[in-house]
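The structures considered in this document are given below.
Consider the two complexes below, in which chain A is the common component and chain B and chain C are the respective partners.
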Partner chain A sequence: MNPEKLSPLDPLIHSRIRLGILSILASVEEATFNYLKETIGTTDGNLSANLMKLEESGYISITKTFSGKKPKTTCRITKKGLDAFRTYLRNLEAYLKFKK
Partner chain B sequence: MNPEKLSPLDPLIHSRIRLGILSILASVEEATFNYLKETIGTTDGNLSANLMKLEESGYISITKTFSGKKPKTTCRITKKGLDAFRTYLRNLEAYLKFKK
Partner chain C sequence: MEELDPEQEIRFIREMIERTRKITAGSWLFLLVWGIVPILAVAGMYTLVALKKFSWIWPNWVFFVTLGIVFSLIYSSTAERKSGIKTYAQNAAAYLARGCGVAFILVGFVFPLMKLYSWGIIPVLISLIAGILIFSLGGLFEWNLLKWCGTLFWLGALGMGFLHENYRALLFIPLIIVGYVTPALVLRSRYKKQSEAHEP
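Our next item is the complex of A and B:
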């Protein structure tokens, strides 16, 4: 056998919650905290922690505003995040279509 | 927005190393420890730990034989592992082709 090496997968993206976040944000202009929570199916705490990690890495930007008296958190993917997400998808493809 | 929920991803599969192992084993009859190590690009210890986890879950079977005096470890995916891998791929697809 002549192994063709698999590329590493960006660990910042290869977590179910963060993959969900980036996948959604790559397909919309922006998304609210609640929309992400409902769509991904996770808790406030878990989503917050993962959003913070992505923001710290510069993959997303987070804006906090008020809708009346209610706080509203809106997230967008950054250019850096989109580039990283595309690289991740390219690398992942090799895992999903592995041929000997 | 009308959220269409994302399905959970089997955490036994959604790790880079285990995804690599199952992806390779789904495409070949069997693979040796060394082949998996080279192709996935990991260490003996890390590969061993992940193989054990997959074996304990019944996703793969591991056979240890001797090639002369050298021990040889061979891995195969089981029916249960293949079913789980296919379900994983189906669920993952929603993450990769997300549309609002």
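Our next item is the complex of A and C:
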């Protein structure tokens, strides 16, 4: 395969935290902020910044509610985000095949 | 910005997805409780029959089933809050369990009270519905053990047809031990292993 024909990896997803967010959200219906933070292993500020980037690009939707008196932030992947993630995975696999 | 090479990224994606599966394994307690509840109810029923307290049989069943329902409601609301995620499989399983729960109540309590059939048919129908529930859960969670357990309940329903109606409910006990309690304990040990693997 011609290396020039390899599609570039989406820079919005090509980051450990954003990749982690989309990997989790692609396999569940929704996930809370705290779950994402603990599973990916990052700080509140770092996660918030990355979630905002993904939300601004339309890859995820964020809902803020209350669980009793505690604020609860829930995230879901959008169709655009899921398509982008799938494309990312395909491009990643193509790159790995080329490397071999 | 922390970047991973492509192979690391694939491993990372797999790890993230695997962690969401840990929550599914945490459902072992549901299976265990809904295995123990009918066993206790059946044991209670036969004890009451032996003591000739026939009028207590329905309250015995109502008591244990209500206990199971109350546990399910409390556990599902706290588990959902604690887990932090909602998976498609869990959602589908919850609806399936609720639907089968309604069927259990109709078949086990409402229809017999309406005298649509004799009480001797109840264990057969309950086994049939339990088979549907467990087999379908096996399909949802891609777990062959549950599919086999569901099939066992159907075979149990068939087998009950060859027993006198007085003894059909007794067959529930081995069916539930194999079909509910065993998968619950297997799931529990998986959950423990997963929790240990993901501890920092």
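The rule is short, and it goes like this: the second predicted complex is superposed on the first by the 93 of 100 C-alpha atoms of A that agree within 3 Å, B and C clash if a C-alpha of one lies under 4 Å from a C-alpha of the other, contacts with A are read in each partner's own complex, and residues count from 1 in each chain.
Everything that follows uses one rule, which is that a residue touches a chain if its C-beta (ideal position, glycine included) is under 8 Å from a C-beta of that chain, and two chains touch if they have at least 3 such contacts.
Model, not experiment: these values are computed from the prediction.
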Practice problem: Scan A:40 for contacts with chain B and chain C and give back first, second, both or neither. | Solution: both
Practice problem: Would you sort A:24 into first (chain B), second (chain C), both or neither based on which partner it touches? | Solution: both
Quiz item: First (chain B), second (chain C), both or neither: which does A:67 touch?
Solution: second
Exercise. Tell me which partner A:16 touches in the superposition: chain B (first), chain C (second), both or neither.
Key: both
Exercise. Mind working out whether A:83 is in touch with chain B, chain C, both or neither, as first, second, both or neither?
Key: neither
Practice problem: Return first, second, both or neither, reflecting whether A:56 touches chain B, chain C, both chains, or no partner chain. | Solution: neither
Practice problem: Pick out the shared contact residues on chain A: the ones touching chain B in one complex and chain C in the other. | Solution: 14-16, 19-20, 23-24, 26-28, 31, 35, 38-40, 89, 92, 95-96, 99
Self-check item: Residue numbers on chain C that touch chain A, as the complex places them
Solution: 1-4, 6-7, 9-10, 12-13, 16-17, 19-20, 81, 83-88, 91
Exercise. Mind listing the chain B positions that touch chain A in their complex?
Key: 1, 3-6, 8-9, 11, 14-16, 19-20, 23-24, 26-28, 31, 35, 38-41, 89, 92, 95-96, 98-100
Self-check item: Footprint of chain C on chain A - complex, ascending
Solution: 14-17, 19-20, 23-24, 26-32, 34-36, 38-40, 67, 89, 92-93, 95-96, 99
